[in-house]
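Residue numbering begins at 1 within each chain, and the chains themselves are lettered A, B, C and D in the order written.
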Amino acid sequence: MAELFWTTVGAILTLSIYSFLYKDNPFYKFAEHLVVGVSAGYYLVIYYWNYIDPNVATPIFLLRVGDESIGFMSGQWWMAFIPGLLGILLYARFFPKIAWVGRWPLGIYVGGYAGLGISPVMQARVIRQLGANGLPLAGVDDPMAGMTNFALGIVIFAVTTYLFVVKRSIGAGNKIARVGAIVLAAVIGYAGYVVLTLLSNAGVVSMTNILLVIGLLGTLSYFFFSMRHRGILGGLARIGIIFLMVGFGASFGYTVMSRISLLIGRVGFLLHDWLHLVD
Amino acid sequence: MKLPGTACIAFLMLCACAANAQVDAVDVEEVLSMADARADSVPPAPPRDLSARDHIGDNDSGDRISVSWTLSPDDGGGEADVLGYLVMRSEAPDARGDTVGVVPAGTTRLVDDTAVPRTPYYYHVQAVDSVNLSEPATFGPVEGRSSFWQPRRTSVFVLMAVFFAMVITFTQLAQKGASLFIRRIPGLNAIEEAVGRATEMGRPVLYVPGIGEIDNIMTIASLTILSHVAKITARYETPLIVPTARAVVMSAAEEVVKEAYAEAGHPDAYNPDNIRYLSDAQFAFAAAVNGIMLREKPAANLYLGAFWAESLLLAETGFEAGAIQVAGTAMVSQLPFFVTACDFTLMGEELYAASAYLSREPKLMGSLKGSDWMKALSIALMAAGIIANIVGWTAFVAWFETQ
Amino acid sequence: MDGRSLFDKILKIDRRWIFLLVGIAVVIPFFLPLGLPVVVTPPVQSLFDEVDRLPPNSQPLLMSIDYAPATLPELEPMSLAILRHAFERDVNVAVMTLHPAGYGLAERALLQAAEEYGMVYGEDYVFLGFQPGVSAVILSLGVNIRNVFPEDAYGTSLSQIPMMEGIRNFDDVPLAVTLAGWSAAEAWIYYAVEPYGQRVAAGVTAVMATDYYPYLGAGQLVGLLGGMRGAAEYEALIEHPDQGWRGMDSQSIIHMLIILLIVVGNVAYFVTGRKKKLVSQG
Amino acid sequence: MRREIPLAITFLIGIFMLVDFFVPHYRVSGLAEEMKQWGTIVIAASILLGVGNLIRVHSHKIRRKSEGWQYSLATLAIMAVMVGFGGPWGTIEEGSPFNWMFLNMQVPLQSTMFSLLAFFIASAAYRAFRLRSAEAALLLIAAIIVMLGRVPIGQWMTRGLPEKATLPWLTETIMAYPNMAAFRGILMGAALGVMAMGLRVILGIERSYLGGEK
């Protein structure tokens, strides 16, 4: 019985949220306010019992860490007292006279994490990524590779230039012709890709490597702020935009599936767990 | 009940787990039959030449000690029934102490990575056959020492130092009055236009600083831009609604907006009820922001900061509500959604550049210039890496393999 | 009726119509599995062939159902499909789990499939239950199953279970299948395939699948199911459409729907766009 | 003074944490670990600030009887219930009332909100994927190829072609190369932005997050 009651609560809340798709309505408003209230209560309780109680309150007042006793004003006691004090200082802002002290915990927190973040970011997002991109452009062991490589470079270059030319020359003229040209470019690119993959495996490797290198070069160029995007930099930045757009489109398309899975899950909850309409 | 057999398997499994090694099926069978065949009552000879010393390696915080020995004569020779070695550690020479690990026969080395730095230890190693333990070999005292440098991260340090040097140099140049060019960032002008439009329509501006915690640099960048936006809204007395998902961000946003209103000379226009904490829970937050968009009808929605899956929920609802929308984030996975659903999007580094661009403060402009040089250096390094890979200059590549 | 005003309407269509279409597309397959074409990929085919080669009423298929509730939607359809395939062919099945939260889920899938085919507990299938210690459990299964599972999940000694008679270790288990949303599949490779040369196949989430292709290439896995799509392909092979295929039906329909919407939107955009131009010229 | 002290604290702590990455010495890493713990405690302690704000905003609404004040009442009431359940009868242990409320209210509401994305992703695609320019065309073509390559029906459309010409393979290639290259570029650019910003925070050049500058 309790099971059915709670499933029904969940189902009604689920439907209330879906009613938002039609338009804003009292059911959605209620569900929205409910979830805000529940989660506020949830985090208040969890933060207190999981962080404040074991790490601050118990050591300071009950002189215990876990099951171990600690001395008053001992090293461990201070290690609980200092963060506790910092937490309290956050509230100094409500007292105008000492409001400025309220910035200390923020300073410590933000400063600490700023420092903490810098080096790993350098390591993981710059050096590692460079390393992953510092590829031998051609499969060095394979003599065929050099040639396929060259051919591939030409194809890619041709396709991208073609896109530029189309964009520039037809401009605001005939839209259909422009789109046709773009589609044609994509088809040529695809056909070239198929032919080359059939030629040799090294061809695939070197093509993909070239894509990685040119793509990274282009995207990084797009992010140059202190130079005008003209000439070579302008060209590279345009290549960068091409890669960005392909990347965005692909990621968008790639995500559709997981979002639909979520919906299937919820519909399954309604039809199966709640209504028992399907098995 | 064949106890020896069971014990033996348990031991082997222990070995396999401890050493993370793979057990050969044939050996197991053999040993099993051997142990079953005769009840072994002769303990194996202990291992010899035991020694232990501070382990020197990467990320050496002094918690590692490497222990080595020579095989027991019964391991591979003699009775040839040694299954492995049991390594124990104590703080006094005569105590046996705690088990550090178990390694399979034929192993002569073990790195203890659970030592407390600067504590003298004694190590005891015993050979084990299917039922018996040998006499222990003991060595000590030895202690783990910390090192002050992590060699495999030198390249990170060097590049970071170079980067910082560039940023600081350009910042100082800028302060001395060197004029630095910064290209136009399309999304940024859009922010001002959006706020302007909200003012014309007499409707509020919604500013969502993301759902990142304040330790997220995106959030800090967002607060900088918020300060700029608040100054504009203060000037026009347009209401500015800032919903937040983190209490600390909420309190920082309050300070930022209050200060901006005071600076713009309209401290009385500041409405504390418009800086709101909604929920730490991601989708509860999204639900509540959607509510704000539909009920308070902001004419301009600005999403700047760290966003996760809620990005499209916000942007689509905002679009439906007819607001002009500008987004900015460095969350790669969410950029596609902002790009498709918003009028303008600040991508990646543009978000960070925005704060410099808006303030036009030479100090901030200098750091942008530094970043650009670092990008150039990165491209050069990538090229060098490619060449190094082709010509086989492995030392160069290895230097960048950090840990 | 003016065709262009129709396109104008399409262009400004209320998005709630799109929502409705998406909603319908998700709900329909729940009631009416469409069975849209599914192309079977080689890794799924090879797992199917492995199961198809197992001798009926003889040495059992060992299934390690290692998923937790979080990955249930992707992995349970696989369990059911493989179990159905085995029971259809009267292959004996032994089920175990390495995930503490997997006990109930493994039992649920096993009982459901067994009931569908009227299988008899102890003769056609057995549920061994959960044992902690992933690598140690797998390793000692290779030596003697009774060391890890002296009894089945319900306390019956294995020696009293008819189908387990003479089943000692991996030598008597022609195929093991692990279904997991975590590294259990890797553990099977390290501790069953490598040391004992056991034939192992795996079912993993779609996200994990790419990481497991190399094992397939190296012959360490004899088959691989990736995510809901893998389950759908298997369901297609056993001609028993269920959750996986249904899910893929929904996915296919909505993906095609979105593509169709994009195409229609673009056609409308071009048609009306040209119209505007004519107006401005006139 | 009032401005310098927090900036000095920020600087010292920031540098210390920066150095921690390169120095494995146990005293350094031990203290750094301890300080990371402080961070989580500061955040946990701040929740009361947030909840206080929530209570203030909603009680203002109720007092002024502004539109929809009844809903505000619901928020405050359910929050009080949740907090009431949270202490004495256990928190996240299975079977506690607190856990029931969490599992049957917050979890379904959150996952349903999440699943709304299935609808929104369709409407966003319909609206935004128009062939307005060469860039938009690329976005669209890539999206369509990947969408097709992900589902069985797309696979079915190119069945019989050589493996490397099929849609699923093409999808994987697009994801692994052009997509990867673009995202690496964004990541690296953004990483430099993060580092520059971090440096500015540590040096006290960037201090808007502290509120009042003057």
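Everything that follows uses one rule, which is that a contact is a pair of C-beta atoms (placed from the backbone, for glycine too) under 8 Å apart; a residue touches a chain by one contact, two chains touch by 3 or more.
Bear in mind the structure is a predicted one, so any value in this text is a computation, not a measurement.
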Label of the chain whose CA centroid is most distant from the centroid of subunit B: C
Pair exhibiting more inter-chain C-beta contacts, A-D or A-C: A-D
Inter-chain centre distance, subunit A versus subunit D - centres from mean C-alpha coordinates, in Å: 8
Rounded Å distance between subunit A and subunit C, as computed from the means of their C-alpha atoms: 27
For subunit A paired with subunit B, centre-to-centre distance based on mean C-alpha positions, whole Å: 14
Centre distance in Å when subunit B and subunit C are each reduced to the mean of their C-alpha atoms: 33
Of all residues in subunit B, the ones touching two or more other chains: 153, 156-157, 160, 163, 214-215, 217, 220, 248, 251-252, 255, 278, 280-281, 283-284, 287, 295, 335, 337, 339-340, 347-349, 353, 368, 371, 375, 378
Residues of subunit D touching at least two other chains: 21-22, 39, 42-43, 46-51, 54, 68, 106, 109-111, 113-114, 116-119, 121, 123, 125, 127, 129, 131, 139-140, 143-144, 147, 150-151, 183, 186-190, 192, 194-195, 197-199, 201, 209-211
For subunit A, residues that touch 2 or more chains besides their own: 17, 20-21, 29, 31-32, 35-36, 38-40, 42-43, 90, 106, 109-110, 112-114, 117-119, 122, 126, 130, 133, 175, 179, 213, 216, 220, 223, 244, 247-249, 251-252, 255-257, 260, 263, 265
Touching residues on subunit A, where the partner in the complex is subunit C: 21-22, 175-176, 179, 256-257, 260-261, 263-265, 267-268, 271, 277-278
Of all residues in subunit B, those that touch subunit D in their complex: 58-63, 117-118, 146-150, 153, 156-157, 160, 163-164, 167, 171, 213-215, 217, 219-221, 223-224, 226-227, 244, 246-248, 250-252, 254-256, 258-259, 272-273, 275-278, 280-284, 286-287, 295, 309, 312-313, 315-316, 319, 330, 332, 335, 337, 339-341, 347-349, 351-353, 355, 363-364, 367-368, 370-371, 374-375, 378
Subunit D partner contacts - residues on subunit C that touch it in the complex: 13, 15, 18-19, 21-23, 26, 36-39, 41, 210, 229, 232-233, 248, 251-252, 254-259, 261-262, 265-266, 269-270
Complex interface listing, subunit B residues touching subunit A: 153, 155-157, 159-160, 163, 180-183, 185, 214-215, 217, 220, 248, 251-252, 255, 278-281, 283-284, 287-288, 290-291, 294-295, 333, 335-337, 339-340, 347-350, 353, 368-369, 371-372, 375, 378-379, 381-382, 384-386, 388-390, 397, 400-402
Subunit B contact footprint on subunit D (complex, rising order): 21-27, 29, 39, 42-43, 46-51, 53-54, 56-57, 60, 67-68, 106, 109-111, 113-114, 116-117, 120-121, 123-125, 127-129, 139, 183, 186-190, 192-201, 205-206, 208-214
